[in-house]
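Labels A, B, C and D are assigned to the chains in the order they are written; within every chain, residues are numbered from 1.
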Amino acid sequence: MSTGRLESFSDGVIAVAITLMVLNITVPNPAKTPNLAHALGEQWPIYAAYVTSFITIGIIWINHHVMLGRLGSADHSILMLNLLLLLTIGVIPFGTALLASYLKQGHGDNLAAAIYGGILVAMSLAFSALNHRILFARANLMKVPLSLERRRRIYSRALTGIVPYVVATALAPVSPYATLAIAAAVAVFYALPIASSFEAGGD
Amino acid sequence: MSTGRLESFSDGVIAVAITLMVLNITVPNPAKTPNLAHALGEQWPIYAAYVTSFITIGIIWINHHVMLGRLGSADHSILMLNLLLLLTIGVIPFGTALLASYLKQGHGDNLAAAIYGGILVAMSLAFSALNHRILFARANLMKVPLSLERRRRIYSRALTGIVPYVVATALAPVSPYATLAIAAAVAVFYALPIASSFEAGGD
Amino acid sequence: MSTGRLESFSDGVIAVAITLMVLNITVPNPAKTPNLAHALGEQWPIYAAYVTSFITIGIIWINHHVMLGRLGSADHSILMLNLLLLLTIGVIPFGTALLASYLKQGHGDNLAAAIYGGILVAMSLAFSALNHRILFARANLMKVPLSLERRRRIYSRALTGIVPYVVATALAPVSPYATLAIAAAVAVFYALPIASSFEAGGD
Amino acid sequence: MSTGRLESFSDGVIAVAITLMVLNITVPNPAKTPNLAHALGEQWPIYAAYVTSFITIGIIWINHHVMLGRLGSADHSILMLNLLLLLTIGVIPFGTALLASYLKQGHGDNLAAAIYGGILVAMSLAFSALNHRILFARANLMKVPLSLERRRRIYSRALTGIVPYVVATALAPVSPYATLAIAAAVAVFYALPIASSFEAGGD
């Protein structure tokens, strides 16, 4: 199976997930909002979580693009691992809304942060599983053959991307702000010019 | 009419339907939720139904891809049967939300499960009708001609996919959990490596 | 400007609009619904309006596909008329929800039906304006030149598609059911095999 | 990295954002609406903001298309600036809903208009940053080389598009209606035939 429609379907799912998140940013009810500036200021966790998740999904998309770009064709296992990855991306809007709703509540915030971090860890694991399948188990499907050494370098570099999300999740019981801050730092790091060589496609 | 834009439109509809389902997973209202862990645990039918429907739609997409991949061009009847199939896929998010909302209610759960199963049966029937049209009535539009025997084998193999959904629907009056469990089992089965030869495109 | 990305953007908008409509079909609140079968039966206008609008948008997509397929490239006026058409398609989910909500209310139903019909008339007019621009004012951008006579035949055939929507709107003050019934009849008519020659692309 | 999938992903995000806005147009609750005509008339700011934002996003899409069409391939910085642009487009539905909700409230309306204008300014700045990167810093990635003079002309012409949004934002503390009126006037201006030479791609 050619990869064209696989990419187009994945693009669609990722584009809907990233854009749907704006529904999390609700407009304060005018009848119950004497001071709009204050009400909008109060919901700053929503903006912080929105921007963090938006850039995070955007970077996943870039890395996904690079990863699939190595494929000449896809088999059943690649389609299913890709679907698993899309499933984890698809729940990021929920994790984002959950974290944003509970961050300042004083209860449930640690659990909400752990779930947000856990979704990002699950996404990273699904990404790595698909990456591993493409680079090693199905290397024969690659468009251009790469040396084993180079494939190992690509894979281990991508694998390190899981570490900060594991740390962010582990810190959730201590501070949900730390979880969001680490996820945001990862997003900013990958957005910087220096990060380009750390992407899944970097070498 | 060439099939490129037909595939791209179908991909769009399926991608929106599969991603939109995350809106079913609502965040418990912080003001009314003393215990978030308990509140999230209570809504496990939502997660179970979400994952089941997500993988189910993902597998429909794969099979749809394989089915349309055989076409060199499409006529009016193929466009309309494809639209009918998209209509049944488009209501899966509603069926999923309905089943998830009523599964533990003690009332309405049997009907909700029957509707969920019924939507999957309707989807399978629409899929088979389109498949039949492509393989037999419009075989002249196929990219590469296949022998009648091979087309019959592809069609009957795809047709067997309806059976578990009929069983799941028939069991809804007895146990709505059975309906969900069967739909989940079908999703897991198709996700396993062994299933690749059972897909619409398998031979 | 080539038409590839114009088609892909239009496909995206139409695919989101057609799929988003499922959000109109709400799940009755379990706590307030002693009888689910009755509650689901009560909201039959939602299903009728959903199916009607789904098939209607699907047929618009087919005709849009055929219409743009004649273009070799697009200029500013074509892009803007296409945007106007997408705007009218984009509000069909609202018109559908409005009609479904008021059809059985005994008040507001005539206005709701008039708005639903009016949206379909506006959509048809925008479609015809774009069609006219492509077939006559910008005939030089067509991929394959067609005789004036043939372009006139295509245009007038497509133009007749407005008539039933005008009638449906005109009947709204008398009977909102008539409005929905006519829109549904148009959808069914175009879905039948005999209709294929009446499409914008028919000749 | 080729630009095909970058365009397809951007198209997806823009298509979802533009279509999602219809969810802002809510159906008045029949049980609380004795006079539907009056209730619909009352929410005219929603329609005005919807149409303005719809055409605005549509014109962004056209200009985005022209801008990316000059690229032969994309590097990390282009991907990230494009993601930033998509982020600003992605929040337009929120700004639109905010402005529409507060325009007639007598409180919060100035702030809501300032935020709406501010989002359009941010979008214009992100657009210009990406445009600048493509035309100057990464001119070597362009499909067809353009003279420095011509690139400067394209850039400064596109840059002037920021001015009205800055004015609209600056007027928000005085009159929120002025903010919406200017944004609407920009949309109408670009939609007119005369505007085609003022677009990012105009020369």
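To be clear about the criterion, a contact is a pair of C-beta atoms (placed from the backbone, for glycine too) under 8 Å apart; a residue touches a chain by one contact, two chains touch by 3 or more.
These figures come from a predicted structure and were not determined experimentally.
Two copies of one sequence, chain B and chain C, touch each other mainly through non-matching residues, since under half of the numbers at the interface are common to both.
Using mean Cα coordinates as chain centres, the one most removed from chain B is D.
A straight line joining the Cα centres of chain B and chain D is 36 Å long. Distance between chain A and chain B, defined via averaged C-alpha coordinates, is recorded as 26 Å. In chain D, the residues touching two or more other chains are 8, 12, 15-16, 20, 23.
Residues 1, 5-6, 8-9, 12-13, 15-17, 20, 23, 75-77, 79-80, 83, 86-87, 90-91, 93-94, 97-98, 101-102, 105, 107-108, 111-112, 115 of chain C are the ones that touch chain D when the two sit in their complex.
Those residues of chain D that touch chain C in the complex are listed here as 7-8, 11-12, 14-16, 18-23, 25, 27, 30, 33-37, 40, 50-51, 54-55, 58-59, 61-62, 65-66, 69, 191, 193, 195-196, 199, 201.
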